[in-house]
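Please find one structure pasted underneath; my questions will follow.
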């Protein structure tokens, strides 16, 4: 077992996520309604559906960045309901198309800020940098990174700041086949450590995952 | 390091990173200071009357010009999403960003008013008061401007829009700040005006932080 | 009272009020205007005193309508009801028009009385700021593609304007006393003769009724517009399914 996944054990609280009768609207269009989903620690769920079905919106609703028109998102720790704002501030990672890296700053500065902001340590960040082979990229300005390199930099935040709930929006799309396999292992280690993964995908995840279709049915 | 310190450091670094930080605003103030004597004539006694007005004009314009980027870049590149999922409440995020704006733009501008005041023939004993009122006024501008910038996140025409919605809120600090200088020049105590200016800063701080946080929340769609 | 928050209930209850309000507003305006031309000339101001009957109600209503706008914004922020947002939006045009009218008639009045169109005195400046606040609300409300986003942002600004207005008023008063002694303002502010008071009150009521009529009509139009949009959306969905 490698360093990160061992450090993930023990520190991580076991969080359960449940979505009840969720309905989400963008503008005057209802994306989906009546969506129920329960995710336990150690579980991965693939959100599937056509473009515009509402997969990304669902992730933003779980992250508290978008208000549902009906239904509720609940986080529980050991059967105890958590305050949603508290849970989102401490137990959630959202990895979307917009990674929050400012293009004119160096990868090292930006990663250090994001990891610190999410509560990670310097040691964990160094371990994550090694795991994702980012060492040579850190002195570069973010604008000089390719899409795949940027995605790896963003993944380093998830590794370095241990939070159990990972909300991933197309996590693999810019990565090559080597890094897709590597990220598959990272996700697997995260699940084994008691974390959960909720991912919007078009291609299946390289790990065993339940499928939850979004939209379309309504 | 705690969240507030981290965010403050990043904001200050960003100010220097993209566009030279205080240099831009100070250069702006100096260019205005050159234009005024050329337009109004070089008589120092007349220019001294204009000096407070010029300082307030430059402060408010420099604040406005730099405000557009206060939240907009963060909104575009997803930083606001990340900030929403960290240790600080929205109110604190707004407060820290505004504070960084004041430290990188407002304070250097307030210092810069000293040479400008001298060159425009302001009495030397007025200079300390000029710097103090400018520093306080710039803080009020940063707060109210932060409010405007947060409300305008994602709007179709950012810069001008912020100017229009924020200018009515800029008036009280201008009135009291310039009032303190005039009072001192007339041989009266600038104390009451200064106190009122400080009160404006407090009101702007409370309203700016609360409404700015409401603006941040409103931008999440 | 909160039953009225339902747009359909609101439309049903207020529908019968609209036509009478327009009639009342027109009647009061005509009465007030005719009366205003029959009052005796002022010893000091001559005929120009008649501007009073246009100017004073416009200024008062300009302020009062902003109060209505700010309260609507507050209701929107608390209850998130689109009717409150529509109410705030519907108040902008009459409010800005009254304020603009007060500024213009003030300038027309100032020219013969003070010898200048514009004075930077406390009253004028704070009315100008009020006008700017209306503009600020309107431009922010129209600056977004997303309706909900626009309503939320503009409501916060409208509410802040409500707090800001007394502060501006107060600071401008202070500024005025500093710069110029109150020599000019006394001209219009004398206590009113009953001969002037009655037509003035009638004009006030006329302006108020006119505002209510415009407000309700705009709200009804907005409710109807939304119904049409909803119907079109439903139609489009059904067409797709067929």
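Order of writing sets the chain letters: A, B and C. Residues in each chain are counted from 1.
Keep this in mind: contacts are C-beta pairs under 8 Å (C-beta built on N, C-alpha and C of every residue); 3 or more make two chains touch, one makes a residue touch a chain.
Keep in mind it's a predicted model, so treat the numbers as computed, not measured.
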Chain nearest the global centroid, as defined over all protein CA atoms shown:
B
Hey, which chain ends up farthest from chain A, C-alpha centres compared?
C
Report, in whole Å, the distance between the mean C-alpha point of chain A and the mean C-alpha point of chain C.
50
What is the distance, in whole Å, between the centres of chain A and chain B, each centre taken as the mean of its C-alpha atoms?
38
Whole-Å separation of chain centres (CA-atom averages), chain B against chain C
31
Can you list every residue of chain A that touches 2 or more other chains, as numbers and ranges?
none
Would you please write down the residue numbers of chain B that are in contact with two or more other chains?
221
Touching at least two other chains at once: which residues of chain C meet that condition?
146
Touch list for chain A against partner chain C, complex:
27-28
Can you name the residues of chain B that touch chain C in the complex?
147, 151-157, 161, 164-165, 167-169, 171-172, 175-176, 179, 182-183, 196, 200, 203, 207, 211, 214-215, 217-219, 221
Going by the contact rule set out above, which residues of chain C touch chain A in the complex?
146-147, 229-230, 233
Quick check on the complex: what are the chain C residues that touch chain B?
77, 129, 132-133, 135-136, 139-140, 143-146, 148-149, 152-154, 156-157, 159-161, 163-164, 167-168, 171-172, 174-175, 178-179
Please give the residue numbers of chain B that touch chain A in the complex, ascending.
1, 3, 6-7, 9-10, 13-14, 17-18, 73-74, 76-79, 81-87, 220-221
